[in-house]
Every structure is written in structure tokens, then in C-alpha cells.
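I am attaching a structure below and will ask some questions about it afterwards.
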Amino acid sequence: MNKVPDTELVLVPGGTLITSTAEEGRALAITMARHSIHNIQPDLDVLKAGRPVYSTSPDSLIAVSEVIAIEFQTIAAANSYWRK
Amino acid sequence: MNKVPDTELVLVPGGTLITSTAEEGRALAITMARHSIHNIQPDLDVLKAGRPVYSTSPDSLIAVSEVIAIEFQTIAAANSYWRK
Amino acid sequence: MNKVPDTELVLVPGGTLITSTAEEGRALAITMARHSIHNIQPDLDVLKAGRPVYSTSPDSLIAVSEVIAIEFQTIAAANSYWRK
Amino acid sequence: MNKVPDTELVLVPGGTLITSTAEEGRALAITMARHSIHNIQPDLDVLKAGRPVYSTSPDSLIAVSEVIAIEFQTIAAANSYWRK
Amino acid sequence: MNKVPDTELVLVPGGTLITSTAEEGRALAITMARHSIHNIQPDLDVLKAGRPVYSTSPDSLIAVSEVIAIEFQTIAAANSYWRK
Amino acid sequence: MNKVPDTELVLVPGGTLITSTAEEGRALAITMARHSIHNIQPDLDVLKAGRPVYSTSPDSLIAVSEVIAIEFQTIAAANSYWRK
């Protein structure tokens, strides 16, 4: 198996949900969602084969955006919504 | 690749979840959901090809509305629901 | 394009999540979900063409009810659940 | 159109999310989910035609149970989880 | 109709969301999700016919696990997450 | 039936939602989601047969990642988001 690099398997990159900005929090949401999938399917070849499938399917992209929204709820709450 | 403009890739446009009104908060929810998808699929041609598919499919539109609802939960909480 | 009327595009009709009663809050949830879809697909003819599809499909109706439930979570929290 | 009775269209039956018991709260969640659907599709004949479809489909039943779970989150929070 | 036993129709078995342990809370989440479905489809023969379908379908099992996760959110909050 | 080991059926491994780190909390989310499925389908042969199906399907992987995100919401809240 052509395994994804170890850095791609870290579940919470940086080890914390706390970020300086909302933008960084949102980026973390995307990364955490992607790393979940890497942990379920760590074979890089399988992941690469799936990419052209989901990334050109509107319904798959919508589903991905839902996962990001859910992850972001958690991260935003952790950061008290980055209120000043 | 015909890439989406950089402004369409900003994850939290304006850099904050705080908005003056509920209406603006709702608009932000829609924009954030769309920009998630731009980050996953930044090829404008692919995005444009998908548009006639999902925008005429009731089930896809319902799925989009669910993502907006989830994003809005976060933004509404961030703004303490714009209570007076 | 036969565009939906402007009033059907307002994201938060009335401009507030606060309602007098739970019943009104629930009605707002339904309207907000529908107006999300109008903003994604503002062509009235396309919307009307979709109606007989989703409104006779149990799975589509269940999906709609899920979106309403999520919108209502936000509105109910905004109103502190209309507790006396 | 053979319309569902008006009582089946009330969005929040009883006009409140507050119930005496968790059991009643759960029953309210089911009723509210069903009444959402009645408001989207008030034609009793269409609803009855859909019943044998979704009620014998495991995936549809699972989807229904998800909607109930989401509605119940709101009702349970409204009732402070019926803690003694 | 070969109806499920009355005990399988109780929406909140035990009448409370409060449990001694997280393990019991999780078990309650599973039971509540199952009893939702029993209330929508109380015919034991139909339920038994569905079992081999969803229990061998990865997508159905994933959907079931999502419902359990949502139910558990409510129960865990009710129990203040069983923090010591 | 070739049943999954008892340890794979524990609903909340470790008996608590409290973890030292966000990384461990995320790992617990994955395990709890998997053990839900083991409780619904404890036949190891069926589970193993499903693995090549869902693990090579982008949509299934996205669905799994959504369940993990939901479980993690609960665990993160239980741990007050591991704020220092």
C-alpha cells in the first residue's frame, strides 16, 4: 500500500482547536475533515482515484461542504466565535 | 486550469462571523458554504459544468439548503442571534 | 428568466429571528429554508418544475423536514424556546 | 385535492415546546416532523401513496429517525432535559 | 399485522434521559433511535424483512451510526457529559 | 456467526468522554462511531465484506467523516474544547 504521509493522519493538526482567526479555524475544519478520511482510508492510490469522482460531482461537493460546516461549528464554539 | 478568483477562496469573507443583521449573517452562511466548495474544487469550468446539474435537481437544492442551515447555526450563535 | 419576486429572496423575512410564538418560529423556519433555495435557484419556472418531483417523493419530503428541523433549532434557541 | 385536516397542519401542536415528560417531548418531536411534511405536501392522497414506499424502506426509516432525533434535540433543550 | 411488543414502542425507555454512565447513555441512544423506527413502522414482519437489507449495506450502517451520534448528543448534554 | 470481539462492542471505550488531548478526543470519536456499527452489525464477516465497498467509495467516506464530526462535537463539548 502507498500510504499517506504520517502528517496527513494527524487528527487535530497543531493539537488544538484554538486558532487566531476565523479564517484559520475554517482551514482547520477542512483539514480535520480530510484527515478523518485519511484515517479511514490511508491508501493514497485509492484516495487519488476517488478525487476525480467526488470533485466533479455536485452532490459529493455539497456533502463535503456539510461536513466542513459541522466541523466548523465545533471549532467556532471552541474559539467563542472569535468575538473581540 | 481556469481557477476561481482568489476572493472566491476566502473561507470567512470579511474575516469575522459577526454581522450587523440577521440578513447579512444569512448571506454570509451562503457565501461560506460556496467558498468551501471552491476550496475543494477551484476549477471554474468544473464548477460551471455542475451548476445546471444541481440547480435543477430538487434533492440537490434541498441538500444545499441544509448546509446553509448548518452554517447559519454557527453564525447566529456567534451573533447571539442578533437579539436587541 | 422568470425570476421569483424579490420578497421571496429575503433571507430572513421580517429581519429578525425573534417571534412571538413557537408556531410563528416554526413558520419562519420553513420560509427561511425555502428562501435559501430561491437564492440558489431564482428561476420560477425551474422551481415550479421541481415541485411535482420532490413533493411526491417521500425521501425528498423527509429531507425537507430535516432542513426545517435544523433551521428551527436556531430559531428556537434565539427565542430561548419561548419559555414563559 | 383531498387536504389533510387543519389539525394536522399545526406546526407546533399545543403551541409550546414544553412538555411534562421526556416521553411526551419525544412524541411531540415525531408529530412536529410529520406536520412539517403535511405543510409541504398537504394532499392526503399523495401522503397515503408515499406511506407504503418509505415505511418499508430501511433507508427511508433511518432518515425519518434522524429527523426525529434533530427535532428532539430542540425540545429536550427547551425542557432542560427534564432534569429533576 | 404482527405488531412489535408495547415495550418496543416506548419512546424514552426508563422515562428519563439521565443515566449513571456514558456507556448506558450510549445504549439509550441506540434504543431510542430504534424505537423511533418502531413507532413509524410497528409491523414486526416488515422490520424483520428490512434487517438483512440495511445490516449488510455499509451506507445504511453509516446512516444508522449518524442517527445514534445525534441522539447521543442530546443524552450526553442532558447528563452534563458525565463529568465527575 | 463470527462475532466481533467484546472489546469492539464497548460503546464508550474507557467509559468516559473526557480525554487529555483533542487528538485523543478525535480518536475516541472515530472509535465510538465504529463501535456503534459493531453493535448494529456484530458479524465480523459481514463487516469485512463491507470494508472494500465503503472504503473505496468517496460518498461513503464523506458520510463516515460526517459521523465522526458529529461524534466529535459531543466529545469536544464534554472536554470544554480542551481550552487551556
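Think of it as A, B, C, D, E and F in the order they're written, each chain with its own count starting at 1.
Assume a residue touches a chain if its C-beta (ideal position, glycine included) is under 8 Å from a C-beta of that chain, and two chains touch if they have at least 3 such contacts.
Note that the structure is predicted; figures quoted are calculated from it, not measured.
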{"item": "Touch-network distance, chain A to chain D, counted in steps", "value": "3"}
{"item": "Set of chains whose contacts include both chain C and chain A", "value": "B"}
{"item": "Copy pair chain C, chain D: interface residue numbering same or different (half cut)", "value": "different"}
{"item": "Averaged-CA centre spacing for the pair chain F and chain C, given as whole angstrom", "value": "33"}
{"item": "Cα-centroid distance, chain C relative to chain E, in whole angstrom", "value": "29"}
{"item": "Separation of mean Cα positions, chain C and chain B [Å, integer]", "value": "17"}
{"item": "Residue list for chain F, restricted to those that touch at least two other chains", "value": "57, 59, 63-64, 66, 70, 73, 77"}
{"item": "Chain D - residues contacting chain C, complex", "value": "10-12, 15-18, 32-33, 36-37, 39-41, 46, 49-51, 53-54, 57, 59-60, 63-64, 66-67, 70-71, 73-74, 77-78"}
{"item": "In the complex with chain D, residue positions of chain C that touch it", "value": "21-23, 25-27, 30, 55-59, 61-66, 68-70, 72-73, 76-77, 81-84"}
